[in-house]
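Presented below are the structures under discussion, each in the form of structure tokens.
Two complexes are shown next, each including subunit A; its partner changes from subunit B in the first to subunit C in the second.
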Partner chain A sequence: MAGETKDNSLPKNGLLSARSSDGKFSRRLTDDEFDRYSRQMIVPGMGREGQLRLIESRLLIIGAGGLGCPAAQYIAGAGVGTIGIVDGDIVEASNLHRQVGHATSRLGMKKVDSLITHLKALNPLPTYIPYDFQLTPQNAADIISQYDLVLDCTDHPITRYLISDICVLTQKPLVSAAAVQKSGQLTVLNCPPAPQGLVDGEYPPCYRCCFRKPPPPSSMVSCGEAGIMGPVVGMMGMAQAGEAIKILASGLHLPPPTSDDNTAPPLERNLARPTLLIYTYDLDSAVGPYSFRALKMGGRKKNCFACGEGSTLTLDGIKTGNPDYVQFCSAPTINVRLPPEQRITAVAYHAAKEKGELPAHILVDTREKEHFSFGSLEGAVNMPFGRFLMNAAAVKRTGGSARDLLPTGAADGDAPIFVVCRTGQDSQETVEKLRELGLDNGGQRKIVDIMGGLRAWKQDVDPTFPFI
Partner chain B sequence: MASKPPPGHFNILYFATAGSYTAKNVEALPAPLPLKKLFGTLEERYQGIRASVLDHSLVTINLTYVDVTDDEASEDGDQIVIKEGDEVAIIPPVSSG
Partner chain C sequence: MGSESAATIPITVDFSGGLEMLFDNQRRYLISLPVTDESGKAANIAFLIEHLCKHYMKDPRADLFVLDGHIRPGILVLINDADWELEGEEAYEIKSKDNILFVSTLHGG
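Then we have the complex of A and B:
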């Protein structure tokens, strides 16, 4: 905006105070705060009172990555008074395209320290509290209970369920977001918090009310494996900051005011049926057919394991391993373990090939085509695993020809098939599926897994291999 | 917005892993369809989708959450019918960040 001059008609002192939750007038804004926050304080609905609520708030950001970085920037800029950040990881080069709170000069540093360095340069006024370790069932309650609101910026179902459960038990509002590849999700949970077990009325949902069980680990993908577009996760992180600032500045997380209190802002208080914001980003078209969708969620579920009627979840239980989050999130999965005669190590494959001991064979690489495009083994043909599984299911269903599943020219003859993938799991499943479908020609054709995939190849054979 | 479904159909949107599993973002299926038959119908078309995707996903009809429980006798599941022109969405949880 042009003319960034101070508006001297605004009082610098005197009226610059606010009512805290116990109804007493509290501190005044300092000149520094007044200058720094003036442009957001003049926004209708925010005001000095909203600003003072932010300054007096304590907010916890769990995860200093793709969501946590953009969220923290706006939270710090807005002047939330105490900001805790939890993360046990260190900054890596592959983080930087999206984790904008870190820097090339801080590679190798703890993420929490790197992010706090960045935030202090942006705004030195808040108190920053680093927790440079992972959140665990043992430490989660002690940390979360010291804050007014929690942002879940983590990257795994185990922590998502753990954080939600602790927020239910300690009655903290939770702003939850997630993103992978080209889509993101955001929702406000547990706000305003209601005691565990209350179900006679409209109460807000927790994470478990929305997502009763985690996806099977085989279908779960991380940003490291599946990829993530920076703006997608950035948008979700910023939206988290937006929701958190709104909640704290407006006191939406506090119990509704008593009837004689007319100072409460006239804002929508009903978050009992929150919105789930979904952002989908289509790389194939300039303007996606649908980018944002706002879905009306349900409220607290009567039979919810964590917050529902008769729930047996307790803080003590969580600390002592009940529920077992690791087990809950790694429930039944088809974990193929092939017998040794159907496997070969990367080193042995390489050595046999170098010595000319390998017969003419077909080498199938089951990574997605984007991974394949960065580099592959000599002679490899690409057969992406996801598409292969679907095609295999279609063959079983319709009785089509299993031979069509193999890349062109690979179906005929008895030349052995070697299968390689990224880390060695998909290739084993592929070998087993191919045999199931009879493509081993009744045992005449060898189908062999290259153990440990291209990760092992890079580690043990060729360190220059472009492995992602 | 996805284009309108043809007469006698509803649109179903597949988000995140639901999209990868079906290899599409949207398709039109015949309406009316009782909500409790939705997962069975999808399983017929995409073998294995129930265990891999549907059992842990949210379902919405016309942008509003609906309760699809395994329990056949549940109040919601018994009554809700997906109608011609509706928009159903399958929303698996996303965990990364």
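Then we have the complex of A and C:
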């Protein structure tokens, strides 16, 4: 809007000077800053002081995906002075429906570079620092220690526990969010940070206090597998930015002031027992009374592995592999476990079939039915992996018939079974489980994994295959 | 679901974060929980979990909800919107009109 009145007492040029001896800001806003941030500065509680605190702050965004993109936009727009972004991935077309800081024209570019391009166009004033590699136990402390606040915008428990542990040890507040499919979660941790091991009194929790153990890998789904609605993850990312701006502008991460003015009631800062915000999105109903829920979490746990009493967690330990985050989360690793005679490449399967060398066989596709519905190999029957695993567990537990696990009719005879999945991991597990359950008829029946799944099929056999 | 004659407590049970898939994709159940378990002990969260598995779980994948008789790691239990650790966890004795929420923690982003 035109016709803005400016305070003419402000200098025309920004002057870089930190706080004066009384702790107040002596730096002035530049004209550009004044114009750009005016609408948020006039919000009660924000003001010039809040803006200057943002400008002097250093914020780290870990993950430049569905959470990191929307978060970064608002962080940059608000004028946080230094913004670091960590991500080792490149932009793919399947990211774009939710990762709104990237663009079709930047497919194939490093995500950090793509996002910074977008942010610079939005606001050229902040300093942007790219880290175009994955966060690891070896580099995490060196990066995180340079910042005032961290946003966890990652997508795996391994990094979530690592980030939280480093934030405990370097005393950084952490705004954590996550989203899958139709649900989102958000919470502010470690804010204001308290030294590790301090447990007498009320201190805020770390990620481990709230989520002591990761879920078993079999129950974990990523956005790549389970899908994700753009606005769900976007909403969570924006809420992260909102919390971060609030914390930095109001100094919520600083110890509460020991006021000389004893008449002022202590502010209810609501941090030692933070809230877990849960967003639930329904594709088939309107927003309702339970679409958003705010849940009260506990404070720091006395016996917390990371921040609790007598914790042995150290930065040096983390660097040298203690704790072992991969083992703690027992992440599924893509390692070949089946012997070669139980496997066939996509190319070899295709060639044998073309030449008519393949005997009559059963082809089982273990992807979820939504994936399967977009296209499958000729003759494939769908046996979704998640359901199969749990059915198999139930058979083991209750001693039911393993034959019922297979699609109708597939358990009869000795015709070989070929198993294909999305990327070649689930199919190996399926082959192994089917053998364990005796469905190979004591070795008479061949059960074979198609290596690399339909991803390999698309790459090596049929580039037109509708792989998602 | 409890016999008609037995005394029951009316409660609401909610599932979120994907757990609803194990319960017929229904997010909210109004449940009449028996006042006591088989041994006559007041109904607590542990009993509720057992009750849910027995009578409400439609999916064979019980392991996605309970492991070794306890709620599996990665599921938060909220009693009237507060973390169950603030309320005594499995031993919390259920009261009329309580709201119990089971949320699976998410990791995607």
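Here is the rule we go by: the second predicted complex is superposed on the first by the 308 of 468 C-alpha atoms of A that agree within 3 Å, B and C clash if a C-alpha of one lies under 4 Å from a C-alpha of the other, contacts with A are read in each partner's own complex, and residues count from 1 in each chain.
Going forward, a contact is a pair of C-beta atoms (placed from the backbone, for glycine too) under 8 Å apart; a residue touches a chain by one contact, two chains touch by 3 or more.
All values derive from a computational prediction rather than experimental measurement.
Partners subunit B and subunit C clash in the overlay (superposition on subunit A). Applying the stated contact rule after C-alpha superposition, one finds that A:111 touches neither subunit B nor subunit C. Of the two partner chains placed by superposition, only subunit B is touched by A:396; subunit C is not. In the superposition on chain A, contact of A:386 is made with both subunit B and subunit C.
Touched by subunit B in one complex and by subunit C in the other are residues 63, 65-68, 153-157, 160, 177-180, 183-185, 210-216, 218-223, 226, 228, 233, 236, 276, 278, 280, 290, 293-298, 386-387, 390, 393-394 of subunit A.
Residues of subunit C that touch subunit A in their complex: 14, 16-18, 27-28, 59-64, 67, 72-76, 78, 81-83, 85-86, 101, 103-109.
Subunit A makes touch with subunit B in their complex at residues 63, 65-68, 153-157, 160, 177-180, 183-185, 210-216, 218-223, 226, 228, 233, 236-237, 276, 278, 280, 289-290, 293-298, 386-387, 390, 393-394, 396-397. By the touch criterion given at the top, residues 63, 65-68, 152-157, 160, 177-181, 183-185, 210-216, 218-223, 226, 228, 233, 236, 276, 278, 280, 290, 293-298, 301, 386-387, 389-391, 393-394 of subunit A touch subunit C in their complex. Per the touch definition, subunit B reaches subunit A in the complex via residues 1-2, 13, 15-17, 20-21, 23, 25-26, 46-48, 51-53, 55-56, 58, 60, 63-65, 67, 89, 91-97.
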